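Chain IDs A, B, C, D, E and F follow the sequence of writing; residue 1 opens each chain.
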Amino acid sequence: MRAEDRSDAALRPVRLTRRFTRHAEGSVLVAFGDTQVICTASIEEGVPGFLKGKGQGWVTAEYGMLPRSTGSRMRREAAAGKQSGRTQEIQRLIGRSLRAVIDLAKLGERQILIDCDVIQADGGTRTASITGAYVALADAVGCLLREGKLSDNPLREHVAAVSVGIVDGRPLLDLDYIEDSGCETDMNVVMTGSGRFIEIQGTAEGEPFSRDEMNRLLDLAGQGIAELIVLQKQALAAA
Amino acid sequence: MRAEDRSDAALRPVRLTRRFTRHAEGSVLVAFGDTQVICTASIEEGVPGFLKGKGQGWVTAEYGMLPRSTGSRMRREAAAGKQSGRTQEIQRLIGRSLRAVIDLAKLGERQILIDCDVIQADGGTRTASITGAYVALADAVGCLLREGKLSDNPLREHVAAVSVGIVDGRPLLDLDYIEDSGCETDMNVVMTGSGRFIEIQGTAEGEPFSRDEMNRLLDLAGQGIAELIVLQKQALAAA
Amino acid sequence: MRAEDRSDAALRPVRLTRRFTRHAEGSVLVAFGDTQVICTASIEEGVPGFLKGKGQGWVTAEYGMLPRSTGSRMRREAAAGKQSGRTQEIQRLIGRSLRAVIDLAKLGERQILIDCDVIQADGGTRTASITGAYVALADAVGCLLREGKLSDNPLREHVAAVSVGIVDGRPLLDLDYIEDSGCETDMNVVMTGSGRFIEIQGTAEGEPFSRDEMNRLLDLAGQGIAELIVLQKQALAAA
Amino acid sequence: MRAEDRSDAALRPVRLTRRFTRHAEGSVLVAFGDTQVICTASIEEGVPGFLKGKGQGWVTAEYGMLPRSTGSRMRREAAAGKQSGRTQEIQRLIGRSLRAVIDLAKLGERQILIDCDVIQADGGTRTASITGAYVALADAVGCLLREGKLSDNPLREHVAAVSVGIVDGRPLLDLDYIEDSGCETDMNVVMTGSGRFIEIQGTAEGEPFSRDEMNRLLDLAGQGIAELIVLQKQALAAA
Amino acid sequence: MRAEDRSDAALRPVRLTRRFTRHAEGSVLVAFGDTQVICTASIEEGVPGFLKGKGQGWVTAEYGMLPRSTGSRMRREAAAGKQSGRTQEIQRLIGRSLRAVIDLAKLGERQILIDCDVIQADGGTRTASITGAYVALADAVGCLLREGKLSDNPLREHVAAVSVGIVDGRPLLDLDYIEDSGCETDMNVVMTGSGRFIEIQGTAEGEPFSRDEMNRLLDLAGQGIAELIVLQKQALAAA
Amino acid sequence: MRAEDRSDAALRPVRLTRRFTRHAEGSVLVAFGDTQVICTASIEEGVPGFLKGKGQGWVTAEYGMLPRSTGSRMRREAAAGKQSGRTQEIQRLIGRSLRAVIDLAKLGERQILIDCDVIQADGGTRTASITGAYVALADAVGCLLREGKLSDNPLREHVAAVSVGIVDGRPLLDLDYIEDSGCETDMNVVMTGSGRFIEIQGTAEGEPFSRDEMNRLLDLAGQGIAELIVLQKQALAAA
């Protein structure tokens, strides 16, 4: 059995707490079970050099883990003097996922910087980050609309993400850390509110996987993401 | 008037939330008003190279701020590839303050690593960090005692810290960010439960200060720290 | 029409030149059209620290591009003082892909380091790298078998990779640089000789993609990889 | 007894040698006994980015130790690729201390960079640095006045620094290395010619210290700094 | 005897393959026996900051070795995070050598960046690099002339380089790796088409060398470089 | 005329001040006119990893310039986070020059680290460094002999260095900064007491130079180095 009697196709309890800290234009604490990530969205007027004068905006993301968010303490990346390859992969993925649902031309010459900082990790930190970051981004965009800096909402649709994997031959939704460590195949799926894919990253950790197994995992992911998007909408509907 | 009608000699509302995250041996969320810091204590068997074979333990600290813990976003130190001078000063201060109240020989050949990560900043992050880190350290030591790895408590006494400063000629306790930015003199004081000093760092930001002004600041600090230590004791007394 | 009248489902001309340089135990120049990568495999006795004493070997990879392998010169990563996030993602992918087809226990306590250095780039450098690196790895393993250091071949099956993508609504196999720059969806697929997946990385560069589009891309990729594996076998069969 | 029969309240022999090297606008070799530091002041037209257009100047400092200025050779920071936390703390302290006695608006849009390089260390390198750096700064300001680039002296008053500490229960002035290594409490005090404080940094190395002990240390420091300022004035009065 | 019955005053077989890769304005594979280096020349409009507005151009060089260009694998400099002292010495030498034969004022406000990447090493990589880089530079200049961006050829004369050394008391031309490792004296000589010196770097690896030995080495080098310049001219004369 | 009526073949006034600082086993202030360098030699028991167990010692060198040793302030390398290519070239040259005159097997399994720190620069810092470093090295070796750690002197002969160059067509000995900036050819020569070469580095800064010019420069260098070695011997003969 899975922890807390969870069924194979069930998400862990998901919470999306808006206005978690007070400085950022969007600030969300997202929890997928014991995985907890602070996602903030910061608006900066102006764009990076490579976009100057192109009449469009930019959305980018950074990711980090508190050193003791994990079972044994990891080295602090600021002290090590560099971000790991894993960190860079994840923050690039978060940035791509969010840019896929926003019309950068409509955003104008400004940048929204997303920070996802894991304060407690139990598997699925990157999918929780994307799911929470969308809500923070929506709050920051809401700010711009309310202040009259934007007249037209640049967000095209929702985006959320979930992990799926094959553990002991069974396809499971939303793996926790123990499941993730023991899985044969691990897949992170990023989808939109309209049910289309933004990113699929499937990796055989043990045995290579078949086309059929992939299809079963995508079915599970599609269902999970639909549920996550409902939760995002509920969170954003609250005052 | 100070924000929220605070009197000159009053602390902001202080909260010490133990077991804030679940992996670390000690994990405390400390709040001094809107300043919020996650303090964790991680036990590692073994000591750094310079202490090998000396029959004693070690306590050290690292400090960081989430990029958007502040009013405008700061650059992520892990992305910048190095910790600022300010960060290093603060983490060295936290480490020294905690080592001053623990008997490292009694701790045995193990290390306790303190991480103080600011999730929301409104002045006084270093003093809140020291005050919260002591409670996390006490919880980690409690762990070692309960597990029988230590038979004798190596903690000698409490330690807490507070900032004081002169703003528009008035000595104030526990400055918030606005007060700190406008103060003439800024002093961080670290004291023990027995009312003695571990560290005093006083800096004239504007005009140099007189001996008399310093004495009034130390009086305020002494009173504030006594109150903080009462709060630490209440927090640790809870189950 | 595609360049050089290529049909949608056709690979570019592929060459696998073994013994391209003379020092490495395996050294292959792989060309996918104008994309050219030198792949070497270097055997080192001993394993990294995290594997010491576990009775198994390791395969890892590094990737680089010569500064002027591209249309406009890129900054040299050694001069910049760090590898980009893209470089790290690619070298992690190459390493995972190769480890998936080798029995690390059978390899013994030694390491095979793969270096993939792009000398000319025209799209698909990571998939060419994986395809060429497998041949270099097979040559290095052949070395160990001939020298009697291994009695049993640790390679379980072939692995190769190809990119597929949707350009102007058409699914295409093995994108060149111009196609890759203009595609809506870009997918890198890594498969084994037995037709199963090791890694799928699909990204919507423009519009999100549907499940149906993904299926058509995977069909194309499966056919292309089967052809690549035939070419690997021919190359390895030569004296 | 202290080395060379020094009394508890006596400074070591202090020398301030102006024009020690010939390129810098101010260049002073300061000796506090066997501690020797080269302090130079370099004038640069223009200010750092954060001050552009604010109609004021800037004074900042850097600090270093020659690798064999100490009893056993330290690693060269340029070779290590970074400055230690201690180095950064000290150079920030020197900069703050000097800025406290100069009117930056009167200095105009130019910068004075102070370099303090320890060629021989025997305790008190930061206090000797501040004391010598003031003289180098005064010489650089003198240059600007003589050349007519400034009509009005921006220096408001003198600044000097000294260490005090409690060793075997006795308060001592101006600790040498052996005294510093064995002291219970170590305090660095920076004061102006008018007898007010710019910075106080007191640290309990062993036992916490009482308010009474602190008062005795500050008395000693005040007397020592008054003597140092007399020596600065004599040095600057010479041709 | 030397490898492959080479006489003491003979070069290894030298090949200069132009248009080795297709993106760079000049791209040459140079081989001195088993030493093989890809030399590219990249034209960039504009000059580095220190030359802005001086009405002249710049030529600079970078050098690297593929990790397994050598008998045992070297650490990748991009992964190590810095270029070695040896790498920096060599790339500075290549840059100086090329700048000595080009009229930078005639080049106009543009930069030519030379990249020399060793794909196989067997001694003499820096001298092969200079010899090949000249041909790549000449091709890039040819480009500028053909496109009408330059009307006047800024190249004043040829430049080539060779190593000479004393091995077992015998002066030898163009040392391979084994000879280089065992030599008493090693000298790298850079000369122009008119037979004058641009750079001489002679180093006693074992015994110091006499004036007479140096003269014999310079005679050998002069003859070898004259031959290399004939080969450069032949290569550049081809279509 | 040269500064201070110096003739073309004359050294600047040279001073070698032993025991300049007190901690190092050898500590020499060397002055070639206005160029002043502190050279220290530090003995460390043990050798670097690549020499462990080979029964020999090692000598290596580091070089630095104080930021304001020069006419305009240079960036501090420790603050920049890396040593420049020039610094690395010079320190490698100093190390090679000293190793050429010491029998490393006789030195035993210990290391002598040379630090050359320029406190005032006026041309010829690398040649002054080598000349002074030899004296510091001799003092450190003297220490080992006196303490009985060595019974046999590992130093085989003296080594010294000087720069020569062609300025306005005239060969000059020991260039100062102005001469060095304006010279056509610049050559650094390192020679032994027996009049043989350890290193020759000749560079055409402007016009390439002829064999005849080189010979005249080497004549000058040989004479200058003979004079420097007399001065080293006098310095070492003093008590």
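Basically, a contact is a pair of C-beta atoms (placed from the backbone, for glycine too) under 8 Å apart; a residue touches a chain by one contact, two chains touch by 3 or more.
Just so you know, these numbers come straight off a predicted model, no measurement behind them.
Trainee: Starting at subunit A, how many touch steps does it take at minimum to reach subunit C?
Mentor: Minimum number of steps from subunit A to subunit C: 1.
Trainee: State which chains count as neighbours of subunit A and simultaneously of subunit D.
Mentor: A chain counts here if it touches both subunit A and subunit D, which gives B.
Trainee: Using C-alpha centroids, which chain lies at the maximum separation from subunit A?
Mentor: With centres defined by C-alpha atoms, farthest from subunit A sits F.
Trainee: To the nearest 5 degrees, please report the angle of the rotation taking subunit D's Cα atoms onto subunit E.
Mentor: Result for this pair is 120 degrees.
Trainee: Compute the distance, rounded to whole Å, between the mean C-alpha positions of subunit C and subunit D.
Mentor: Averaging C-alpha atoms per chain gives centres 59 Å apart.
Trainee: Could you put a whole-Å number on the gap between the CA centroids of subunit D and subunit F?
Mentor: Measuring from centre to centre gives 33 Å for this pair.
Trainee: Take the average of all CA coordinates in subunit A, do the same for subunit E, and state the distance between these two points in whole angstrom.
Mentor: Computed from C-alpha means, the inter-chain centre distance equals 51 Å.
Trainee: If you average the CA atoms of subunit B and of subunit D, how many Å lie between those two points?
Mentor: 28
Trainee: Give me the residue numbers in subunit A that touch at least two other chains, ranges are fine.
Mentor: Subunit A, residues with two or more chain partners: 81-82.
Trainee: How would you write out the ring, from subunit A onward through subunit C?
Mentor: Cycle of chains, anchored at subunit A and oriented toward subunit C: A, C, E, F, D, B.
Trainee: If we count contacts the way the header does, which residues on subunit F are in touch with subunit E in the complex?
Mentor: Against subunit E, the touching part of subunit F is residues 82, 85-86, 88-89, 91-92, 96, 100, 187, 191-192, 194, 196-204, 207-211, 214, 218, 222.
Trainee: What part of subunit C is in contact with subunit E in the complex they form?
Mentor: For subunit C paired with subunit E, touching residues are 21-24, 27, 34, 36, 38, 40, 42, 44, 62, 64, 66-73, 76-83, 87, 113, 115, 117, 119-121.
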